[in-house]
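Structure first, commentary second.
As written, the chain order gives the labels A, B, C and D, with residue 1 at the start of each chain.
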Amino acid sequence: MPYQIAIVGPTGYTGYFLLDWLLRHPDVEPVYLASHREEETDITIEFPRLLGRIDPEVAMCQPIDADAIADAADVAFLALPHRAAMDYAPMLLDAGVKVIDLSADYRLADPDLYERVYEHEHTDREHLPDAVYGLPELMRNKIVDSTFIANPGCYPTAAALAIAPLLNHSLANTSNIIINAASGVTGAGRGAKPALHFPEENESYYAYGTIGGHRHQPEIEQTLSRVAGKSVDTTFVPHLLPIDQGILETIYLEPADDDVTDEDLLEAYQDAYAAEPFVRVVAHLPNVKHVRNTNFCDVTARLIRHPDRPAKIVAFSAIDNMVKGAAGQAIQNMNLMLGLNETTGLL
Amino acid sequence: MPYQIAIVGPTGYTGYFLLDWLLRHPDVEPVYLASHREEETDITIEFPRLLGRIDPEVAMCQPIDADAIADAADVAFLALPHRAAMDYAPMLLDAGVKVIDLSADYRLADPDLYERVYEHEHTDREHLPDAVYGLPELMRNKIVDSTFIANPGCYPTAAALAIAPLLNHSLANTSNIIINAASGVTGAGRGAKPALHFPEENESYYAYGTIGGHRHQPEIEQTLSRVAGKSVDTTFVPHLLPIDQGILETIYLEPADDDVTDEDLLEAYQDAYAAEPFVRVVAHLPNVKHVRNTNFCDVTARLIRHPDRPAKIVAFSAIDNMVKGAAGQAIQNMNLMLGLNETTGLL
Amino acid sequence: MPYQIAIVGPTGYTGYFLLDWLLRHPDVEPVYLASHREEETDITIEFPRLLGRIDPEVAMCQPIDADAIADAADVAFLALPHRAAMDYAPMLLDAGVKVIDLSADYRLADPDLYERVYEHEHTDREHLPDAVYGLPELMRNKIVDSTFIANPGCYPTAAALAIAPLLNHSLANTSNIIINAASGVTGAGRGAKPALHFPEENESYYAYGTIGGHRHQPEIEQTLSRVAGKSVDTTFVPHLLPIDQGILETIYLEPADDDVTDEDLLEAYQDAYAAEPFVRVVAHLPNVKHVRNTNFCDVTARLIRHPDRPAKIVAFSAIDNMVKGAAGQAIQNMNLMLGLNETTGLL
Amino acid sequence: MPYQIAIVGPTGYTGYFLLDWLLRHPDVEPVYLASHREEETDITIEFPRLLGRIDPEVAMCQPIDADAIADAADVAFLALPHRAAMDYAPMLLDAGVKVIDLSADYRLADPDLYERVYEHEHTDREHLPDAVYGLPELMRNKIVDSTFIANPGCYPTAAALAIAPLLNHSLANTSNIIINAASGVTGAGRGAKPALHFPEENESYYAYGTIGGHRHQPEIEQTLSRVAGKSVDTTFVPHLLPIDQGILETIYLEPADDDVTDEDLLEAYQDAYAAEPFVRVVAHLPNVKHVRNTNFCDVTARLIRHPDRPAKIVAFSAIDNMVKGAAGQAIQNMNLMLGLNETTGLL
């Protein structure tokens, strides 16, 4: 019998992608959609793409009732805005449901840092220490034994997978890392905003937000500092691409010493990822289109060395922000938590 | 000294395109922007594209004050939603300003028809008879002597220019005309709506609205009926294209008799448009990209004749919905009203 | 043990989509890629998206050797240009392989018509009568028993599914059917052409080809004439959309009599498709984005009735040209031929 | 009487944009199009957008005959591939025509460097010293007196305008400058290539070329080294955007000392550009869409300062690669050479 799945907050893009992938997964079955909307919501009207694929009864969203969810489901995905996740995770955890939270609420281990970054109180310090940061390539052992996953952010996933092996192999300095990132528009959410109105966003390209102040930067540095064993200093600048899905990060690092070669870089990646099903170390330069609608992360790196100048490493990392950057990685974590094959439903 | 121009309602896409083209026009000068917004509006903040091109004082929108506009301007363009135009046109006309209204309020000569189509009262039946329908290729003589122009809709412009010569030369029947139209998203206005949010609209294509009930259909039929001297019957189905600007209409007609040839069709167009600066009778199939950011309309037609079947005419018409379909045609009308060369500022 | 699959001609878009979907299919396994290219071809270099999903040995394309394919595979998909398919289908059929041909070579039952339309000889009149036209919603019983499928064209699939029920229920006339079609660019193939160079095709929209002479029109009429039991007369005009995937057809028909209602139209569709897993009768107007990367066809219809005018039916049909219009439908046929559940690997 | 203009190589995108803008320029007239194609070329067939705007006789391309061009024209624009420009510039210069070369052939003052970078001989060392680097904001005085302009590359234009004021005011270090650049596809030329086929390029984003080895990098460094008075060291990584036109450069620099403030950065730009008609110092983050089809360059910068970390400057520069990055800047140079108002035909 398949595992029973609940999705809390299915009406955003993350919720849609979770449903789309879970409906194709052979070993699980979405059985409970929970929304905090007041009006009755049929998910096949929200997303006509789902018509003909989901049981009409399941398609009608229910209230967010922790007990009912616990009765119905083995695993609950929280696809809520940050802040709202903290309202529901505690009840679900206490009711014995495995929880995979796709918001930011449990990603930062330090609640004081969370409060500074997100500018509101962290209201569930109790469960925060139980949340495992769900980046399987770095944290698989802990995920397997966990009942509560903080699913990583999209930018942090791409950044960590490209940078961690270089720090781990002491090939790059931990300071002065520049992450030039670009994301498709699904990353900005499903709410219609003037800047994302089609005739504004189409044929456009620009950096956005407060330069130097994006909320994903502390998450990136938390992961990299764990890997490096010391504080890591990054500069992170996100841009918006006029495409639906995809993140490419172009990352500039300083080689740790004069002897680092192109081969060292690729070997570090091979060493980290040869056995990983979802990270592809590629020889060509990664393209967001190659990973679209997949759970893959494509990484590579190049050393630039000119006489009379300091050398540079340029690393590249491409993911689909909605898959490896959100729903796909969440399902990868679910597979690990349920003892399923990690790739089931994801290749 | 250049003519002084006012734009009432400059914050929509039509207002922007008017400004963009008027700022490049050698013989006129935008001097007064009037908005009914309550908050102070700097048009260069609304449209950063305009920075460095417009006097900062002019860029600050003023209230819609008919007397002040009459003092400042020779011509006022109304780029308001339909219904609002009727609130301001009377005052401006009475104050002696030449008015070019880009809304639908004065396009239909029959106010009862207007009220059925737009589902509210026509509140300015007094000036309605004075409004000249501003399609220069059909109405140039009246436009020249006019002080009040109802600027045509985008779909009706493309339809009239492709169909009128065929009716005029008695090459096609007046009934059973099918207009399959497709428009870029600027045609849907500047307000952010869920369906036009970039990740929804991008890579999409669909028909929209009430099939058989689009408000532009009576306007199309009014123009064609004038040309044909009898009632003309069309079926009009609009679609939305995932592009910024452009309309293509693919029009299916019945030849008036068995002798109509491809040459007859092109001759009818040549006869109508050989001396027209903005209608290009082309041998290839029109493409919205060829007319983007131009005031041109590209037209052509093909006869399909198979043995044992009724023949068909397929006509094609491409314009930029924001230029020949709105702001450019309005400026073409302005040139005619002011006695300027019709193409000034438009080629 | 899974069924073994060969793909002949895997380097085009159709080949890629076949591979992409077959690799996710639980009951089959692509084991043999056959290309007539002279240079060695690794399909993961052609399509880096496939990296990490396909056995590296299988990824290396082999020669088109009918005996080797017969040894290795239960089913061969031919994803070749028309004309080339006739060179290989006979050998494969004679070697006992089940063949699903995605080219046009066996779609038209009348070889003389084929020769007029495609302007070259039909070189396999021997096997032509054995080919079953693989539109499961109309031909399921024959497909189940077949060893040789002519997989329908993309435009004909969308047209047949929207029109057949209306003819079948005698709701629409068989003459004067107008099919205004629009397709994404993958439909034009993978070869780089000046008109499809990104800066030419992006933000464009236009009709293409010889108006009234598209090769899919006889295929459409063959299917519809079978349904209607008499000759059906269509006008077909294809357009190119600046999107990757998707076909929308907007179809204009004459109601068979004055009593036809909107309800009749939807009932005809419900009657035809209530039990069909891949045709969705929708209340809204179909959008290519709703069917992208799915094997669904979304259909609906509207009756337009005005006093004093002949009524019209406008029907809409949306598919993904690469899935229900090519690879997905081919796999649906494969499932039927192999006795698998028709939807396996396709939902 | 207007100045007479020749365009050599009008069939590429640069040639098209030159024609488009020159045809709207009030004081010049394109009179001679010269192509090295063998077949007869009508520029209105190459670019149907130009129909109705150009004299049909002028539209027919002529041979590249230096004497005929000298007879007909005051100024010749060379819109040829690099290497070909060196074949024609000498003859035209010797015949007394003012030449504006849009290729790379005369941009690098050091011919040995040119030969290393472009990997072929520099065949016109004689005229190389006469070529003035046509970046008006830095070189206006020399351009005014020049008869031979090397029009800057697109990436170098955007880079120089954003970086030069920061070096000039000693706000940023001359080493360790990282230029993360992204360009629309017109920058890759008009030739159809597999990677730029619409279904490949659409919805994609990737870095391209040899990382650390782009030919524009020496040009960027030449300009900046002149400004700084010493060698400047940059890392330049270009990416391709799925849009037609536009370049955004996101530039990471080290502040020259701890006292640099955000205000210092903007003051440096204001100081450099307050009187410049085509550089807009903006408060918001530049967007390629704001400069599309304009000759503007939008620049701004932000200082990132965190405790315990080295500070960073992030500068942004947006241009239209085809206008300020090519044809528009060439016309700006032409205006200066001919003693016209610098902005004529460009606002």
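In this text, a residue touches a chain if its C-beta (ideal position, glycine included) is under 8 Å from a C-beta of that chain, and two chains touch if they have at least 3 such contacts.
What you are looking at is a predicted structure, and each value in this text was computed from that prediction instead of being measured.
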{"item": "Mutual neighbours - chains that touch chain A and chain B alike", "value": "C, D"}
{"item": "Distance-maximising chain from chain C - centres being C-alpha averages", "value": "D"}
{"item": "Inter-centroid spacing, chain C versus chain B (mean Cα positions, whole Å)", "value": "39"}
{"item": "Computed distance of Cα centres, chain C from chain A, in Å", "value": "36"}
{"item": "In chain A, residues with contacts to at least two other chains", "value": "203, 242-244, 287, 289, 292"}
{"item": "Touching residues (chain side chain C, partner chain D) in the complex", "value": "13, 184-186, 190-194, 196-199, 201-203, 242-244"}
{"item": "Touching residues (chain side chain B, partner chain C) in the complex", "value": "175-176, 178, 180, 182, 200, 203-208, 211-212, 233, 235, 237, 239, 241-246, 248, 250, 252, 285-289, 292, 302, 304-306, 309-310, 312, 314, 316, 318"}
{"item": "Sites on chain D touched by chain B in the complex", "value": "23-24, 26, 48-49, 51-53, 203, 277-278, 280, 282, 284, 287, 289-294, 296, 298, 347"}
